[in-house]
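Order of writing sets the chain letters: A, B, C and D. Residues in each chain are counted from 1.
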Amino acid sequence: MLDRVNAMSDGVVAIALTLLVLSIEVPQSHDFTNGGLIAYLVKVEYQLTVYLVSFVLIGCYWVLQNVMFHYFRHGTRVLTWLNLLFLFLLTLLPLTTQLIGTYRDEPLVMVVYGAVSIACSLSLALIWWYSNHIGMVVWPKIDPTVERTFMRRILYGACLSLVAVGVSFLNVRMSHFVFLSMPLLYLSDRQVDRHWSELVAANNGEVDGIDD
Amino acid sequence: MLDRVNAMSDGVVAIALTLLVLSIEVPQSHDFTNGGLIAYLVKVEYQLTVYLVSFVLIGCYWVLQNVMFHYFRHGTRVLTWLNLLFLFLLTLLPLTTQLIGTYRDEPLVMVVYGAVSIACSLSLALIWWYSNHIGMVVWPKIDPTVERTFMRRILYGACLSLVAVGVSFLNVRMSHFVFLSMPLLYLSDRQVDRHWSELVAANNGEVDGIDD
Amino acid sequence: MLDRVNAMSDGVVAIALTLLVLSIEVPQSHDFTNGGLIAYLVKVEYQLTVYLVSFVLIGCYWVLQNVMFHYFRHGTRVLTWLNLLFLFLLTLLPLTTQLIGTYRDEPLVMVVYGAVSIACSLSLALIWWYSNHIGMVVWPKIDPTVERTFMRRILYGACLSLVAVGVSFLNVRMSHFVFLSMPLLYLSDRQVDRHWSELVAANNGEVDGIDD
Amino acid sequence: MLDRVNAMSDGVVAIALTLLVLSIEVPQSHDFTNGGLIAYLVKVEYQLTVYLVSFVLIGCYWVLQNVMFHYFRHGTRVLTWLNLLFLFLLTLLPLTTQLIGTYRDEPLVMVVYGAVSIACSLSLALIWWYSNHIGMVVWPKIDPTVERTFMRRILYGACLSLVAVGVSFLNVRMSHFVFLSMPLLYLSDRQVDRHWSELVAANNGEVDGIDD
């Protein structure tokens, strides 16, 4: 069951990532003769930034879900439905991306966007909590420190989204850059990854090390 | 052949889930200054509910198809085509979702929506019936009680859709909540799942328990 | 390489199937009060038939590609590019579907549609010919009769498309039914399938019988 | 982790390929009676060429990514993010395709298109460089000549894009044909492939030869 939950999640993420690009409209009658290319690029620059922000956010949540599901021995129905909840919230990101692309420099729209991003983080935290304490689907030898470290890392994302929403009331453009810094949180997840490699080795599984 | 039927089904489900979000339109000129955010959220609340209802329905049918295909030893051409029939009916859900999002509080549109949902259930029932009685693709030791229990569970979904259509003539909003209760039918499929785990263990397959 | 070629093909097919439903428009202001539901269903009935025709055609070509790729031991670059050619032609089907949905009862548009369908068949025939005579990617013990039977079956599809185009000059609706009969050609591919099962068994692979 | 990175990449490529076809518009009121079919085909011929060009480019980059990831033993976080960067640039191709479909015979738009294509090549070169020199994720026995040959091949694509942009200032249509010649660069990658087959054999993996 876990295989197909992963396959479906990858599909939804791939579509969500690609749908985003549809929110960038191609102007129908633009004059390219006198420095028109620069004028055009300036015009779409805002939408491109917004696209990049959402691409990066969806990427972050996908990497987190990816690492998390590596810890799971098997799937359960509740896990499937919690993952569907996560995917539901994730598919709201392309919608809210269109919203912040249409209503530029409007902090209230950034509140909606940030709320969806925080909800994605919290749904991942819920999956992690459920898997460790209710569903018992995690590989048995998992270290409680690793469990807590990973939970903290998930919640860091929610905090960063909160900070970005706060910053948007000062300057909407600056809040985009706060969101863009999110991958830095997740680039080097060494402690969790090292533990995971050891775990798989101990369980005689094939070592498909995430980071070494 | 079964692998690729599953891969393609996961793809169609992933796209159907994500396409739904496209049916929610972003208003082009909305005033966010004076309590405009709340006005906006109230405006899209109906479409969001409709989106959630369809996401949940497609999720239910995907989980059912998922569990069902775990019971299959190999694929046949007829099974592939019956699965394509199921996917065809499933892709009508995003279309009818747009319909009930456009014609709000119109019970006749809910009849069309409910009919598509019932057709999805019945096509799954047809696949299950074919697999057990004609195609002989199910693992040999399957218990007849489990077969009947699973069939009954599939048809419960059709009944719930029927109830939801009936309720829509009283109140369209209430019928949405009837649809939203469908996952409760499928959250704990313990008898079927327990049997399946035993079955796989008996056949020396790897135990990838759905629920324990 | 073959795995990822298959995964990508399944993705393109899944998207092509689901994109088709986008070609059915939801009328914005329709009166549902006085027998409006029947009037509405009559209105979309043409587009639904066209959708079903294209769903069935894409399904046929996917099943053919599926069976064909089961015969391949490994991939080559040329095979990958020939498969991309097939996918390119396949993605033209949603486009021509929109065309025949917009220009109803216009035989000339059916010529374009039929031409794309024939091109899909011919590209599959080219892949099969290349694989047997140039690329040498087919399992070694393949029977020349099976090779020819399979080629003939691929070309039957092209012939049926040709017939459907001819019929469209008499009656466009009738030509839809000719296209809809295509799966009947491919439902029972017993000789090819039986051979394939024996082949896999002889090569000590796991038997994942397509049809028994 | 590598499996899911591949699955997601295949998903994004499949969607990008299929989205392209949406950029071809179906004219709403066209007269098919007097030689209207030819007039119509002439009208969409430009868009079809542009579609084919982008399909071929995305195909090239997918094949390159495909071959490259065959060399990798395991994934790392940085590799995942570099791959997301590549996918981000790849999803800009459908957007710029719409641009060159809308602004025909405009060399400046071809500059934007070429720049995105060059960026895709360079991101692949970056992944290859990282994998060999920083991430150490490549199978250990890789020959330095093969490493350099593969890098050169990636950069050939960037050079071809540069040539195409230059040609577009002379004639935009001719630059399309320069882009269309790109697969010729990648059809016979024999040295790299031969090395790869030997490598896998030496590591006792299953031989899933890319090329003979």
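Of note:
We take it that contacts are C-beta pairs under 8 Å (C-beta built on N, C-alpha and C of every residue); 3 or more make two chains touch, one makes a residue touch a chain.
Here the structure is a predicted model, which means the values were calculated and not measured.
The chain with its Cα centre farthest from the Cα centre of subunit A is C.
At the subunit B-subunit C interface, residue numbers used by both copies make up under half of all numbers present, so the two copies contact each other through mostly different positions. A straight line joining the Cα centres of subunit A and subunit C is 36 Å long. With centres set at the average Cα position, the gap from subunit A to subunit D is 25 Å. Residues of subunit B in contact with at least two other chains: 7, 10-11, 14-15. For subunit D in complex with subunit C, the touching residues are 6-7, 10-11, 13-15, 17-18, 20-22, 24, 26, 28, 30, 32, 36-37, 41, 52, 55-56, 59, 62-63, 66-67, 70, 183, 186-189, 193, 207-212.
Interface residues of subunit B, counted against subunit C in their complex, comprise 1-4, 7-8, 10-12, 14-16, 19, 74-78, 80-81, 84, 87-88, 91-92, 94-95, 98-99, 102-103, 106, 108-109, 111-112, 136.
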